[in-house]
């Protein structure tokens, strides 16, 4: 059922201190993951507004992942704890509205976890690819 | 005049649906709405639809055009969606009249081609109101709910539905219904019209009048101090505007979709704080002036520019839907005079 | 019972006004019809005595008006608070939206308010007049018929599952506190949760596609008290005005609105009451309330002034996102 | 409209091998606002930077996008280059097409396409960039050191030596801290007092140092460079400036049975006391819990004997307000309470003591004048068992003790065991251990000397139970290497109790808005790269308040903290990161949500009059961000419903522009 040439669009929000550095480390170690993943650098996972996530889906993203420091390791001490609450509630709401829950994810990736970053992205892309295109939260005007 | 037995209403709809996309009011759990007719669909038992038929001619949002970028060049894209011929059945007298009001806005030169094309494609079958509601006050604007306008004016009386063509478009439509209709005397429906007239005279808002409004009243009414009191609890939402069959204000916006722009227009409300906002700010900075604008427009400015025709048809939707019961009736009662005064 | 409260409210409010304790009173008065009761501000004791209406149709939550009224009015502002409105009142205080010292609150007992849409559906034709009797409404229709409608059949859903009839804020209570409703507030949410994702999507698509973006839900909401809403602000990047053809913007609007009031919404139900399309918007807010309760422990916005809302708080072992509250 | 220049870096072949750099620069040429686009071998090289300067001048660029390696690598480089070219350094955006593109995607077509998208996102963001200027705040050239132990003293001395004023706040009547209670120090065995007391005297005599002993921090306001601190100087009922420290009062005071905390309650002192002979300040203090005069107004002996007239029963607490540019936390540690370790009979037998008590028992100034005598009967112990890891390295599930290693116990136990064997060769000494950890200069040699030269019997295994029986302590233990149970009749048992942060640290952390870990140790801004700074700007960490450490490490960290403070105080003005939160007051609701999520206390509220859209004037409560304190995390921006709060450099509309560009 899955089209072979279908490439999901994935937006990854990465905190500057851990996950963005983790992504850099994945690069340093040449650990590959699909090019569909595009990273947006934010200072902290707590900078990610639910608006950004919905906006990405509106504009045709098929999956959105938020990566931050592990709980307890936030560069700003508490940012990821707030992000965790916000995303837990938001994701639950999206699920409630019937949006596939596999399209959203939060993953804690430290600056040392280049391998985890690559593995996470590989897994997320294949999960989203299996779901197919996001049709429930897209704005058709983007296809005009 | 033609008639069709009420027992054959289904056949009449089927015949209409052969030539038109037919929409009839149907009942949902949360209210009634015009829906595409399909076999077995039942016509609404409620007096009127939650939203007026305005949407068919002037939808809440519609794409006007698009721009696509290719490198450094821009291409113009026509996003107009052409409608097929369609028929609306069961439009009430008030809503039918509202289209005449919208015509004055959209069809006067320079005409709005988007609206005009839809108007051209649509044929309106109106239906007299056998059971008006307490919120009805169309008579205040000279509308007779027993003689609705549109292309074909219909009334239920006894066992029959009586159909009278009022326009050429209506006549053409009726011709296609010859299999389910028969000729009759126009007097047959009179008893029902009288009955309606009697009910209407007993309506709680029957005494409402446009006395004190209309052309030439701007100066007197604009500076009336009672606007502040009238609008005191208005929450500034647009529900009155968006359920109104005659409100026709819109905003034009650009939606940047990444590969270009979709230019669309959407309904706007003079109740909103950013309505007609300009670089210098909002012309109306408080809710009182926005509230006043809405009713002055319907009761004074519109008639002033349109041969005395008021911008309200008394459908009563705003009366029913306002979250805090601020409505045109209150304004007319407070600032105008009663019929018998 | 209701009549007694109304008389008491008229008398006390007029007294307070005459004594100069309050300069004006936020209350309700009769509109065009018997069921049509509108919020208003009274400035004279005579108006209060003549026009104040406290009955099953006094549905509007008045607390939000305090923000603008306390800015404008001289002296203290009087307000009538139903129990559910008192939660909104506290939540607004928690967020410093008005000065408590400037307000004198009269608490009202409440057994529920009538959903006028249900009432009209139940009556089935035009309503000429309504008499409120014990436990029922005596409705005279336009056709002259008189129908007796039990109140229990036309109470608003929000009242049947009311979170508490125990007022949490007042300077003075008028009458006795009534016993709490006993229906499960989260039953409807649970029903939706038990559906498949496809069914839920179909349900919400059906509901939200009717949205006309009139903003009544937002403008009436006591938690939506922003000086300027992000959806009205062209620089916010999310400003929207109308439903788009495929209804994305309504989804965006309602999700973000629910998120913005998450942990702050007192479940007063005004959003659903005022929706001209009768979209059950409260089910979005109630989902957040239910999740907050199960993820982070029971929390009732507005139960006390100054409490820390769940979204501006955290613990180190909160559940991870996407795991339905599992830690 | 911006005039944007795009520079695509090859990074030699690092990028160019898997990304078609020419295609990328060509594609980005078509982006709105891009007036110049090129690619070059090494953008970070001088030649590459010159290219930027040249293009800025030639094309009148207002901002530049560099498609290159990670911004974590060269953002600063390119910002400097932009500044050198006359641009605001914040008009630079970097598309990471190396670490996050060319190095991870092997397909050239895909890599190139992604690089273009990332470039577009950077261009889209840059369109919305605004020039940013770092803020400046003046610095109060005075430091506060909280805690007067060796950490605090060393930090204060180092800061004072650099010529800055520094105040020490110590809650006890004297500075000196835990080190003053120690006997000898490992691994050199020099006497603690001999190396500490000169430093205490030096601190007292340094004219740049003010010591507030018997004082506590009451409140802290302000921010880096500008802290406002209130210090509560507790009433000691003795006028410090008059008291000569002669000690007459402490001899004449009739209340003799006050437990002496300096000797851990193993002997007594008077109600008026000087903790120890070398106390600094050497001033008497009256203990209000015991003084008859203060309790019921009957006595007054000390006032009568004091020839200087220093006794002042009416003295009250004094509040001192002072401004500081930097604050150093040096609150140290305490041994844990052993209430939960019933198996070691600490509470039931006086002959089971902690290591710190042992220090006092062997100290010449201690309760036994340095003779090792059992607390119970004053007899000389002939068999001593040392138990290590009492409360350290406990499983969380045990419900008692600490999970961490207390770090210093292995070494001081070796020291204590060695000293016993040295002074009393007839004494048999056992040490029970899980592991012996001796990483440190000359540490392992020291331990081996104890075991090999001094005949201390090291047994790998834990003590299971200690039961007092008559005069002896029955020690039941396991020898893991021999694989057998041991039963030893000991005369004295010494427990190496775990150490934990001083209890005053938690409330202090709240005042400072400095973060702590679950064990109440202060967290450092970065565990490796900023180990002596707290995440809260202007707050520095010295000594065991940040984690267990021995004296050399403490002194080293104290010096490092001092160096950081000196670096801060040496500046006349502080420039702050301009990527901080900013509030649009017209939109702010004053709801306090932002304040509640701010980890730095950077947000406060003010009441201001505003002209409202309807032309009325309203007094509104609005947030105000202190840019010197804000670290730019952005937590407040999402907590803010109205969108009044935004983060410079990462504004909502900028991130949305990136999202849009990526999803295109």
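We call the chains A, B, C and D, going by the order they appear; numbering starts again at 1 in every chain.
The rule is simple: a contact is a pair of C-beta atoms (placed from the backbone, for glycine too) under 8 Å apart; a residue touches a chain by one contact, two chains touch by 3 or more.
If you're wondering where the values come from, they're calculated on a predicted model, not measured in any experiment.
Trainee: Any chance you could check whether C-D or B-D wins on number of contacting C-beta pairs?
Mentor: Pair with the higher count of C-beta contacts: C-D.
Trainee: Between chain A and chain B, what is the separation of their C-alpha centroids in Å?
Mentor: 47
Trainee: Averaged over CA atoms, how far is the centre of chain B from the centre of chain D? Could you give it in whole Å?
Mentor: 71
Trainee: With chain centres taken as the means of their Cα atoms, state the distance from chain A to chain D in Å.
Mentor: Between these chains, centre-to-centre, one finds 34 Å.
Trainee: Residue numbers in chain C touching 2 or more other chains?
Mentor: 230, 237-238, 244-245, 311-313, 316
Trainee: Spell out, as numbers or ranges, the residues of chain A touching 2 or more other chains.
Mentor: Within chain A, the residues that touch at least two other chains are 50-51, 55, 59-60, 72, 78, 82, 86, 139, 141-142.
Trainee: Enumerate the residues of chain B that touch no fewer than two other chains.
Mentor: Residues 63, 255, 258, 264, 273 of chain B each touch two or more of the other chains.
Trainee: Taking the touch definition from the header, please name the shape of the chain graph: line, ring, star, complete or other.
Mentor: Looks like everything touches everything, fully connected.
Trainee: Quick check on the complex: what are the chain D residues that touch chain A?
Mentor: Its residues touching chain A are 70-73, 96, 98-101, 103-107, 110-111, 113-114, 117-118, 121, 515, 517, 523, 526, 535, 579, 597, 599, 631-635, 637-639, 647, 650, 652, 655-656, 658-660, 662-664.
Trainee: Could you list, by residue number, the parts of chain B that touch chain C in their complex?
Mentor: 30-31, 47, 50-51, 60-61, 63, 131-136, 199, 202-205, 232-233, 235-239, 241-243, 251, 253, 255, 264, 266-269, 272-274, 319, 321, 323-327, 329-330
Trainee: Quick one: in the complex, what on chain B touches chain D?
Mentor: Going by the criterion above, the answer is residues 69, 71-72, 256, 258-259, 273, 281-282, 285-287.
Trainee: What part of chain A is in contact with chain C in the complex they form?
Mentor: Answer in residue numbers: 50-51, 54-55, 58, 71-72, 78, 81-82, 84-101, 104-106, 136-141.
Trainee: Residues of chain A touching chain D in their complex?
Mentor: Answer in residue numbers: 9, 11, 16, 20-21, 23-28, 30-35, 38-44, 46-52, 55-56, 59-61, 72, 75-79, 82, 86, 118, 142.
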